[in-house]
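The two complexes that follow have chain A in common; it is paired with chain B in the first and with chain C in the second.
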Partner chain A sequence: MGKKAYIIGSGCISPQNSTDPNYFFETVNGPDTDHFNAVEPSYKEHINPNMLRRMGRAIKMGASAARMAVTEAGVENVDAIISGTGLGCFEDSEKFLLAIINNDEQFLTPTSFIQSTHNTVGSQVALIMQCKQYNYTYVHRGFSFDSCVMDALMSIEEGKKNILIGGIEEHTPIYIELYRKAKKLNADNSHKYYEGKTKGMQMGEGSAFFVVSDEKKNAVSAIEGIGVAYKPESTEEFTEKLNSFLKSKNTDLGKTDLVLFGISGDKDHDKYLLETLPLASKNSATGYFKHLCGDHHTAGSFAMWLANKIIEKQRIPDAVKINAVPKEKINSVLIINGYIGINYSFTLLTKC
Partner chain B sequence: MDALIEKLKGQIIEQLNLAEVKPADINPDAPLFGDGLGLDSIDALELIVLLEKHYGIKIQNPADGKKIFESVRTMAQFIKDQGKS
Partner chain C sequence: MISAIGNNVQEAYVNLSNAKSGIGKVNYLTTRYKDEYVLGEVKLSNEQLMDLIGDHSPALNRTSLLGIAAAKEALKHSGIDLKDGMRTGLISSTTVAGMCKTELFYGEMVSDGKHLEVLDAHDCGESTEEIADHLGVKDFVTTISTACSSAANAVMLGCRMIKHGMLDRAIVGGVDSLSKFTFNGFNTLMILDKEWCKPFDENRKGLNLGEAGAFIVIESEAALKKRKGKALAKVIGYANSNDAYHQTASSPDGIGATTAIKQALEMSGLSPAQIDYINMHGTGTPNNDQSESKATVNVFGNAIPKFSSTKAYTGHTLAAAAGVEAVISVLSLQNNKIFPNLNFTTPISEFGLVPVTKVTDATINNVLSNSFGFGGNCSSLVLSKV
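Our next item is the complex of A and B:
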């Protein structure tokens, strides 16, 4: 893969006020004890109310973020819509399954069933845009958004011009409660995630979409490439995969201006990231992001939106910073993400 | 009959999640599909379930659907004719 994907438009709904185009982490919303709730916009501004009435939150968040990205990009339509989600439209899945139980398998209505499939967001975006091009949804757990990025890079390589990519995740009270009962959530807010002192994640939700193009146009940044590591068995294996990716992009950890870590606050799952942090902090500015978006399968999409914003503003918000290595210019950002100690990804963005 | 129409309006709003619509906005004689409320085929399925769930009525002949679901009034009349109001 040689071609870059230029980010010409983005939209993000997250637990922060990310729908405000002027927002840059002047204020930060914390978790509701052990989870983050997305700050949802007025959806009527983005979606036809007649379509809105059937949509669950994941679809509303995804379709709105996609609309924001397309509007910012100023494109009429796209050559592909590629979505990624770990859980899909969970709220509608719950609704349909609960109706089966509560009504003794009677009186089942079609709406929540139709809307419950993982690819609903991508298809609703296509319906809104009247886009009949390639439409694909990756449901690859912690690699769901990363797979979108890979597909987009390959599609650009094959000649596609403008591609809409995005990650979507929603949680529900039942889902949170199940995680709580399984002791997978962390309600201790007295430590920074990167201190490696807590166990369990703080679950999050949200959606970030991007229009990526084969041409620079008005792009702020470009996706140089993405690499993944699945269940690395040792720090050595993880480091080897990271270095191998960086080498393929003719760079190394020390040459990257900013490294953003997807540290989740669960010290067991963060092991490799916490071990890489001091190495990155020697020469690069370092930051983290899951204390802003919460942990979920497609948190990498929030990280990409954040990295693009940092490159645009040429400033690292205090809320993101880990170390104090000063950088006059931020020309490259490496996102090192991890999900529950299984899925790791490395994404390199550079300034245009 | 008027009380049944009003009750039905509320049930339609709830079943179809017509958050922007109030019962007073629904003309009982206006078409449910196409013009009027602008409902579609998925809504038709929802209305069939509504009749079964709230009134215990199963539509035996699908061809009757077009007439039954013409308006809120025709739905109410059908419920009344079935002795379920």
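Our next item is the complex of A and C:
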């Protein structure tokens, strides 16, 4: 595939103050010991209050981020809405599930069941925008948002003009507690993730949406392509997948100005990324992002928002930097993301 | 395919040809309502499913087991060797995913911190990865969840990825097992019929839930020729649109459905008159069958092709439904046979449409298969003879 997807609008709700258009990591919110909570905006600025009342948190975050992206893009409507979420509307799923368990399948109301469906965010966005076009929801762990990006690139190749893509993830206090009990969370905040000294993730949540277009318009960056690696069995296999992706885009690791790593703080899950880091750090500036958004299925959507911002500002925030390789210009950003050591993706963005 | 009408495609074909429904009394799902409702259960316990696939790993839940059983059969039937250097993807779909097991343990997980390993298998991607790992698919995996249209969208994505040269072939479909969660969800929506469902009948009361795993293997013409394989059918049209009307209901005008059918037909290059049979979504709910009838009239006018819903055989298998119906559509094409719409007596007065009610021999060259879901998701596929 040869065509690019130009990012013409974005919106991001995350544990940082990313909804403030002027924010660029001057201050950084750390984790609440072992997890991150999203900083939620005043939703009524983005969603009709009548609809808002019935919405779960994931829907509010997703619909607001989508609205921000569409507003920034300045488009009337879109030709496709493609959403990604690993857990879907988990709060509503949990609510309905606990009602079943606690009341022995009696006295149930349908609201939380209706909202628990994984495609709820995508369909609510379609309802709000009255968009009767192509509407997909990908629900595959770390590939959920990557699949959206891949689909958008195919859709543009097929002739679609403006496409809304986004990732949404929410957690609940009970879900965090279960992860804690299962010893999957990391509460040791005395090390940087990339030092590879800790075990466990710091769970995060949030939503980032983008309007991508077949035309440059006022875009600051373009998605050149995306590659994936499913359960690579060795560093060699991982590296081969990465290099073959870069080759297909006529570039290599050394030619990329900035490489953003989805290092999670779990040294086992991060193995391939930690091994790639020194190679990338030779010639490229390197950075990381999960200490800002937390680890979750669609953290890659936050990374794309970050990459697009960095290209726009032509500056890497200190909070993101790993190495000190200076770059006068940031023309290309490669995101190397991983999810719990099984789903990896490579996304290349270039400056317009 | 594994469903209420059989543990493989051959068993399903025999039951379809004998107008024998798989919907009946509840034997496997744990629910306080088990004596009040009928369901389309796969007639095997989890233990028996493990025997069938030859893996007794405790991590496997019913959704994964059904998916593995069905996908293994599909791959074997295709005669494809995954180690031949071609790129193969697995595109699955599910709505229930690991909830079938989470719901049994969540209480104890929360109160006592027990069974925490169940967490790892809760999400939708897990069943897909179990299937991929059992088959040995490495090149690409993803999962789609667009409610009851999911598997049709998996077929569509597979076709597109092959067209774009990203894959040489794809195993596409869906899987959903029965769970208390979905059963109670549909029950609170009051769209379940306690008796056998009656799609397209004036007096229809609702749907029967079912469970299934159903996959088809699609391949590029070049890859098929290279290995000297033989295709069973061709996917010649597909489309996806959104009703943007209501979170759970379809619009009375059938707008989304009409668009999906029209666009799928347009891509196929066929005129409406060339469709020999429509496998309808036909869930048996008042809302779906009204909306789908309207869409059918919108597209076909007075010349409605022969049609039936096969939901009264299998129950509504949600994310797997379009996979089940793709397999049934292929059986229709291969055998020149229409499998009937069971339990029908009285046409819906607004439309007067009468489905095929007996097993019928007819020349079937082209089939339209519809799938619509919550969230306004509407998808149609056009399959044709090779």
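By our rule, the second predicted complex is superposed on the first by the 352 of 352 C-alpha atoms of A that agree within 3 Å, B and C clash if a C-alpha of one lies under 4 Å from a C-alpha of the other, contacts with A are read in each partner's own complex, and residues count from 1 in each chain.
One rule holds in what follows: a contact is a pair of C-beta atoms (placed from the backbone, for glycine too) under 8 Å apart; a residue touches a chain by one contact, two chains touch by 3 or more.
These figures come from a predicted structure and were not determined experimentally.
Applying the document's definition of touch, where does A:T109 land relative to chain B and chain C: first, second, both, or neither?
both
Using the superposition on chain A described above, determine whether A:G338 touches chain B (first), chain C (second), both, or neither.
Once the two structures are laid over each other on A, A:G338 reaches no partner at all.
For A:G294, select first, second, both or neither according to whether it touches chain B, chain C, the two together, or no partner.
Touch partners of A:G294: none, neither chain B nor chain C.
Return first, second, both or neither, reflecting whether A:R53 touches chain B, chain C, both chains, or no partner chain.
The first partner, chain B, only.
If we overlay the two complexes on their shared chain A, which of chain B and chain C does A:P41 touch? Say first, second, both or neither.
Touch partners of A:P41: none, neither chain B nor chain C.
Quick one: chain B or chain C, who's touching more of chain A?
Here the partner covering more residues of chain A is C.
One more residue to check, A:Y134. First (chain B), second (chain C), both or neither?
A:Y134: touches chain C, not chain B.
Can A:G88 be said to touch chain B (first), chain C (second), both, or neither?
second
Kindly list the residues of chain A that each of chain B and chain C touches, one partner per complex.
Chain A residues touching both partners: 106, 108-110, 114.
Could you please specify the touching residues of chain B with respect to chain A in the complex?
It is residues 15-20, 38, 42, 45-46, 49, 52-53 of chain B that touch chain A.
Quick one: in the complex, what on chain A touches chain B?
49-50, 53-54, 103, 106-111, 114
So in the complex, which bits of chain C are touching chain A?
Spelled out, the residues of chain C in touch with chain A are 31-33, 94-95, 97, 99, 102-103, 106-107, 109-110, 113, 116-117, 119, 122-126, 128-129, 132-133, 138-147, 153, 157, 160-161, 164-166, 180-181, 184-185, 187-189, 240-248, 255-256, 259, 373-377.
Which residues of chain A touch chain C in the complex?
1, 81, 86-88, 93-94, 96-98, 100-102, 104-106, 108-110, 113-120, 122-124, 126-127, 129-141, 143-144, 147, 150-151, 154, 157-158, 174, 177-179, 181-182, 228, 230-231, 297, 342-343
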